[in-house]
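Can you read through this structure? Questions will come right after.
We just call them A, B and C in the order they show up, numbering each chain from 1.
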Amino acid sequence: MRGRINAGLVIGGVLVGLVVLLALLSFGWTPRDPVLVDAAAKLHEPGGGYLLGADKFGRDTFSQLMVGARTTLYVGVVAVGIAAIIGTPLGIIAGMTSGRLGWLSELIMRVNDLVFAFPALLLAIMLGAVYGAGTLTAMIAIGVATVPAFARVSRAATMQVMVTDYVLAARAAGRRRTAVALRHVLPNISSVLIVQASVSFAIAILAEAALSFLGFGTRPPIPSWGRMLQESQELLFSTPRLALWPGLAIALAVLGFNLLGDGLRDYLDPKLRRIRAER
Amino acid sequence: MLSVEGLTVRAGSVELVRDVSFEIGPGERVGLIGESGSGKSLTALSLMGLLPEGVTAAGAARLGERDLVGVPERRLKALRGQDVSMVFQEPMTALNPLMRVGAQVTEVMTLHGRPAGQARARAVELLGRVRLPQPEQVARAYPHQLSGGQRQRVMLAIALANEPGLLICDEPTTALDVTVQKQMLDLIAEVAPALLFITHDLAVVASVCERVLVMYGGRVVESGPIREVFGNPRHRYTEGLLAASRLTPRGTRLPVIAGSVPAAGQFPDGCVFTNRCPHATPACEQEPALTGEGHAHACRHPADRG
Amino acid sequence: MPTHAGTPLIEASDLSRVYHRPRTSLTRAGEAVHALRGVSLTVRAGERFGIVGESGSGKSTLLRLLCALDQPTSGSIRFDGQEITGRPERRLRFLRQSLQIVFQDPMSSLDPRMRVRDLVAEPLVALGEPVGGRVAELLDQVGLPASAADRYPHQFSGGQRQRIAIARALAPRPKVLVADEPVSALDVSVRGQILNLLADLVDELGLTLVFVSHDLSVVRHVCETVAVMNGGEIVETGAVDDIWAEPRHAYTRTLLRAVPTLEGFL
């Protein structure tokens, strides 16, 4: 039943694991107080208790990165959660309704197209302007903008499941629509959803960083990788390390989730699995 | 023509085909019979050099003067479709859906160095030879516009394009309807230069081939002329398979072989059939050799000649 | 004519089913495909009724209609005296209770993500009936150990999977068992086991059997009555032995001649 472990899966898993580890650790311990402004430590060089140095307010960069990982994961989980919880049922409904109820499927997918056509960042900036910028509005905006991705993949996967013999067999056994959706469709499209979640997570991280950079995301003083980048902007030429570390963190986290998604796709793909089973 | 000597196919440490040897003379039609997991398709694929990744073949197979096993891919590419070609079970997936049928037949000839113009004319001729009505029109059609039987004929035309010395057919009619199957079988028997015909269907093999190899658990357990093997099976597996293939009148019990075919790598040691054989004794734990001239069998307690 | 004395259980009359191909042009509607053209048949209680046909003959469409998995374009089907066409799923409970299906390929008809226990119990759960010790009882009936319940379908061989599918179909104690090519995906050496099992169960449980196959010789072994289908119509129907010995329709003769037999070569 299990696929072959591939390099992408391992590297992605390690990178994602590292981010998660940093975030978890930050709840109990950070080398220094990440938000403590200390004029004496202003632009402190790496070393001497400041592993990666300090920024222009004297805050420890490494501590900020650790807590920033928390923010990043928090935004990713909530945004992907919103997208999955709304998008998946919509996609399943759209994938299961055809024939007489075909209009419902059409309606869902056209509204979906509409949302898809709307840029996520613009949505976040609009929401930020109306309800005030912050982590919550950013998460909701990113989540809503990711709904179509989930709706699309779950619809496509549902349509594949709906033509299988075991769905026909379930109907012949007397199963109603909802039972078919919950008992047969959902478990069989779960691997596709896991892959989508992983890829969407990467996009959400990037979007949050962009929003924080623009000042529409996480508010100070809560550390965020995107805002760390923004704050380092003016010192880009004199102290490039301030931009390097959060930039690297974002790049590695995004890379990690993308590799994990690709690796999971190969690992969970039933077609690849079937080929192996036949041999 | 084709001689296979000690062919063994492995996937990692699992032996999927073991020590298979046979010969096919020019113009001879040989059947390779087996159920799922018998290793019959892997035997064919290893002759084509088309084994899937992670699966390797050892032993020797020679077609005329050329080696088929253990030679680099580059050499095999030249052989494939030229000296030996293959017809697969699923004609829909074996054809390119975006290419006209005629172009696909032509391509296999130009790939092996025939001038394009000449190849195009010959493609139409080939489509006629596999008894497709109005071959000029068929050549302009796309695969989805043809029926399953017609597609399989196109596959056969492609296989025959370079006048190969050996044609391998892997369950070529399993996906076809019975009424179409018969015409296809007659056609294959007629046009094949030398034939290795792989199937699970005893009756189909009987209608096409002169000689048969019975495979089970990756080994040839019995071989010989069809009449001998089917009329007078010696190996207990062949005997059971023949009995199970004959449908008795309603209300009677069908003779069966106990248990089910083990998964690859889980066949018993010694005689691979011991765990399902009603005649098995401790002696069967020693692997029996395939013995006998003409009609050979690998069984310690063979069925009586009757 | 069938010599059976049982009362009619399934009565289909003048069934038609037209499908529309997806349109390929903006101005013209998709091409209509007549999958069934005015098919009528009667299956009596206790009968073993065979349906023989090749791909495109309409046998699969007919089967779906008889099982209320699809609606006919016109015509009616009465099951045990009750009309089943045009009913919504919630009013088909009596049919789901009394008629169950075994599909062709047990590899694809069993949900790979479900345990055997849940697969076998599914018809009972769907009908809201107690499961209790029924799963173990059913597995025993089809010759599988009770321990099979905790495993997944892919852990079984083809023949064993078909046994699981049969156990599942028998769960709600149906009157009618519909078998759609139940042995054509199986190895020859296990085909006999499944056919024997079906025959035993039909006898023991007094089932009515509707057996669909492309192979007239299999139908001859299993059934007493047969309907031969071609081009969406029943071209010939009657006692299997009569049709086997003396086919009247040209298509039946072609079909019989085309089936390769071992006997012919020995």
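Some points to look at:
Methods note: contacts are C-beta pairs under 8 Å (C-beta built on N, C-alpha and C of every residue); 3 or more make two chains touch, one makes a residue touch a chain.
Keep in mind it's a predicted model, so treat the numbers as computed, not measured.
Greatest Cα centroid separation from chain C: this falls to A.
Here the largest set of C-beta contact pairs joins the chains B-C. With each centre defined as the average position of its C-alpha atoms, the distance from chain B to chain C rounds to 32 Å.
Here the CA centre of chain A is 50 Å from the CA centre of chain B.
Chain geometry summary: the mean Cα position of chain A and that of chain C are 47 Å apart. With touch defined as above, chain A holds no residue shared between interfaces to two or more other chains.
The part of chain B that touches chain C in the complex is made up of residues 35-36, 148, 177-179, 181-182, 185, 200-204, 206-207, 226-227, 230-231, 240-242, 244-250, 253-257, 260-261, 263.
The part of chain A that touches chain C in the complex is made up of residues 1, 164-166, 168-177, 179, 183-184, 187-188, 270, 277.
By the touch criterion stated above, chain C contacts chain A in their complex at residues 67, 69, 89-90, 92-93, 96-97, 100-101, 103-105, 108-114, 122-123, 126-127, 152, 154, 165, 168.
Against chain B, the residues of chain C that register as touching in their complex are 54-55, 157-160, 187-193, 195-196, 199, 214-215, 217-218, 220-224, 240, 254-255, 257-266.
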